[in-house]
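Both complexes shown next keep chain A, but they swap its partner, so chain B is in the first and chain C is in the second.
The block that comes next holds the complex of A and B.
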């Protein structure tokens, strides 16, 4: 029997998801033995025409990381969808937009204007900007892909079968997901692979120090306190998103005495991760009057960056542009 | 007039594209490097809590997240006007050197290795990491993989995560090292120094003993006389973590030496309509187009530039190697782009030696790792040397530490103009009278690889080649010829 054919592609990603795959270390050789990698621009000759030549549905699974930010990303993921039995959103950016999805708080115009005209180092009296087509040497046209109006998670562009969470997914999570896919015993469409179906608190080494009902008087920002690494960070007033975030990462940030920022995303039943996180925090403030609650949570001046850091484009809010455009 | 398109060249976030324009006689008029990448980090930083920036900015690059994390953390020190305790500084610098070592070593063996260890003229099926392992032995290959794994594990123990570290905070780091981390650091640092010296031996045995390779390094096609920039300590020696930014002229004379706070006085960015990348240049000299020389503001960063911009190395074995390189190549500065590989090996030695010095420093085990900020934040500027060159972060905030403005000068950007020069020069020397020499592929690829452009992570030669293709068009847009590697 032929080995399963696998494709890997990146969109608006940082390369960290690629590093995460390489961090499988020796196991990557096992992967190479079990599957045929037919497309992986970072590691292999880029052959988009070869993908085009493949029969539809002939790739067993395409792992796609990064959000959709350029017209070119949209083109390639649609092609891969057509050619693949399974499309897997690999990593937070692909699943929900990720950190670059915070760009949806600004319009394309605002971004272009700042980056190419207003940034303090820029010297650009003629107000030049990157253009989709530029004439050079009289007759030659240089083309650039379009910077789309907003960043989209993969499933708003193509149908997605499975999700592998994390920024980036850890090698352990990646390996577990691969094992699940190779087992032939596929979970229902839309499932999250490789991670836990419980919250991060479940696997957190500090969970023993977390009281049954957490109550906080005041939120603290990480730069304001020296956290005790042996005590539940939430009880120290830090905005640790462990209670509302899917487990499976091994509580890496918490082991470094830094609160969870939610890169493994929501648990199964949650539709809007940030909304869930905000409601959780509102529920643990140990006050009843509105003014007191506001005061206690008032330190959080950037709810978007704190609660929607990895999921804004996939949220009910989508971003500021949508609101303006509508 | 004809148009030659090389698409895509490598992975530079998405992929880069090279276009070479020929005149009617078939000679190269100009080469273009297009980078199709824009995410807008500088803009969407606005509104964020400043203390989140060391976790937000690493998402610019998952290959060198530690560089952004550290530049950002240092920017927060400056923003909140808080000096970290000595032990915290040492721990940060140690982590930083582990990262530099690991990143450089990966590049040397996996990415550049095929060019030099296997050989630039070896069959392309062998010009990959498997070929490297064949040449240096399976044991060495495993040692490379295991060393990378150990170093990355150690960073994870201290910084939380390896891809996108979390431990940096204004005034220090988030927690002291565990006993296990302290002991592991010592042990791994000994191995790192051995490995670095071994790597230097491999480089000497394989590359320097081969006249053909040395001739290649010094060949004119890879030579550009530009300014060089890098961080130096108070004795003008290379430092990755801290110091002053020093720039030397193409003649090797100090042009400027300044605190990162004054970067706007010295560095400006030029915008072209045909690429998303901006081109930094020396503001006082000005943007004179894609030309080299003392009258052009184009500068270069990364290993060779750092060594050129400094007077030496701060550790003994690295200093020996430094002197050896400049003696062999005829003094400073060295303008040969391919000497970046040599410079990178010298930096591997420095990173390992500095890592060991710090791992054995008793301060590393100290619990005194944090000073809490008390000042009102306003402006912060921070700098480190990323593996691929000088990296500057600049934030302005309101009194609550919410970002109002951000400016980021990323290492690969500083080299963008010089990379364009390399492509132009390779094209000019290889394309004559309409004859497109297939060697252009190798030439461009090698010139490009020497810079280790960001994101072109070590992984990309796993099965072998950099994806390169040349399309030759006439002015009517008809495809005349395709040159492919496969």
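The block that comes next holds the complex of A and C.
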């Protein structure tokens, strides 16, 4: 009767975070025993109207994944904020924008033009684009949500209580976060749940092989080398963002000989993840002349995609500077 | 661009060389434009790229990082670290849509007050030509 109520919602995301919840496997049954799920569009048949009927503040916690890109996302998360005691940004997209947030390098018009006209897989001779309102018959007008000028992380749209990091959060992190929430012993507002407060290197199994001072002569891209899985990937020239990324994932990528791409996001003191990552990575490039530094760093063909892969909308500049049409 | 646009340019000046050069410019009664807001740091290697992004975010129209010449760093190679960082940062600033004239890394020794004055005048002129960095207008929605 008095089980805590929870809601789950997705915004601009790939669905991986929903998958991550299901990845709790048999533990999901424990979750279902402990809480009532009142809204979960991807898995259960509740409508927005059902949420609207609930009294304000009656949902214990809303887990929201994905960044805010449509007016519909904005509407639903504001509604969930009103109905919930706690709002939790679940996953990298919700916390900092994530991969879909890289679209902030383009204007709305550029995105629409590419997606509906220019992409090689598009066949659209009549140049049809989605309209906010389309009249299909005399009395029937269909409506679509608005594509907002930029993608925003959840905390720029509503007040966020906690963050659960990852792309997607691992079952272990999700479970730890749920345990923390159910324990009633809540950490300070704004905390990151389920992860470490130290960098990935702290829990990395290759940490012992990292020399006192790492310096690299040649930057390598993952497809150019067969990485030695028993040696710190940085020393092999791979751009591993472990030193500036929050730990807690269990170093899953590293164990598969892939460098960290930073999906657990920044540590507490960092205000701009990409800026910090640039600071750290550039400083270990072992050259002293401008041309040589330029040449070595030139191997990073897409610095924005490497250093801001999950956090562009949460960066200080939020995306490419351009005048927003409205 | 309107004639009365007065850019705000943030200078991160290292304590040992560049800040002394700025002092020298003052005591030598050289004239340089009042648009430069100087922040003294112990070393150009202390300037985290985050500081520069924060400066732009908070309304700087340009940022200048000034340090000792290579080989002269009080901390041996802090300025080399700065050079590496700023080289990478410049690529990213370009993708953020910030024109390259708005950000400079310069080596200015304690005796080169004239170099600072020259760099300051050049930057001011270039940024006046570019106009204000319109971050606030671009980001009024969050």
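One rule holds in what follows: the second predicted complex is superposed on the first by the 315 of 326 C-alpha atoms of A that agree within 3 Å, B and C clash if a C-alpha of one lies under 4 Å from a C-alpha of the other, contacts with A are read in each partner's own complex, and residues count from 1 in each chain.
Basically, a residue touches a chain if its C-beta (ideal position, glycine included) is under 8 Å from a C-beta of that chain, and two chains touch if they have at least 3 such contacts.
All values reported here derive from a predicted model rather than from experimental measurement.
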Could you classify chain B and chain C on chain A, in the superposed arrangement, as clash or fit? fit
Touched chain A residues, chain B compared with chain C: B
Who does A:16 touch here: chain B (first), chain C (second), both, or neither? first
Once the structures are superposed on A, label A:214 by its partner contacts, choosing first (chain B), second (chain C), both or neither. neither
Which partner chains sit in contact with A:41 here, chain B, chain C, both or neither? Use first/second/both/neither. first
Which holds for A:253: it touches chain B only (first), chain C only (second), both, or neither? first
Quick one: classify A:54 as touching chain B (first), chain C (second), both or neither. neither
Given the touch rule stated above, what does A:304 touch, chain B (first), chain C (second), both, or neither? both
A:105 in the overlay: touching chain B, chain C, both, or neither? Say first, second, both or neither. both
Touched partner set for A:123, first chain B, second chain C, both or neither: first
Using centres of C-alpha atoms, tell me the angle at chain A that chain B and chain C span after the overlay, to the nearest 10°. 140
Shortest Cα gap between chain B and chain C in the overlay, whole Å, is 10
Considering only the contact definition stated at the top, list the common interface residues of chain A for chain B and chain C. 105, 304
Residue numbers on chain C that touch chain A, as the complex places them: 48-50, 52-54, 56-57, 70, 77, 80-81, 83-85, 87-89, 91-92, 95-98, 133-135, 137-142
Given the complex, residues on chain B that touch chain A span 1, 3, 8, 11, 13-15, 19, 21, 29-30, 32, 34, 36-44, 46-52, 55-56, 58-63, 65, 76, 80, 145, 148-149, 152, 156, 158-164, 166-167, 169-171, 174-175, 263-264, 267-276, 278, 280, 283, 287, 370, 372-373, 394, 400-402, 405, 407, 409, 455, 457-465, 467, 475, 485-486
Flag every residue of chain A that touches chain B in the complex, lowest number first. 10, 12-23, 25-26, 41-47, 69-70, 72-73, 98-100, 102-103, 105-106, 110-111, 114-116, 119-124, 128-131, 134, 136-140, 142, 144-145, 147, 151, 167-168, 221-227, 229, 252-253, 255-258, 261, 301-302, 304-306, 309
Please output the residues of chain A touching chain C within their complex, sorted ascending. 105, 148-150, 152, 156-157, 270-272, 274-276, 278-279, 281-283, 285, 287-288, 290, 293-294, 297, 300, 303-304, 307-308, 315-324, 326
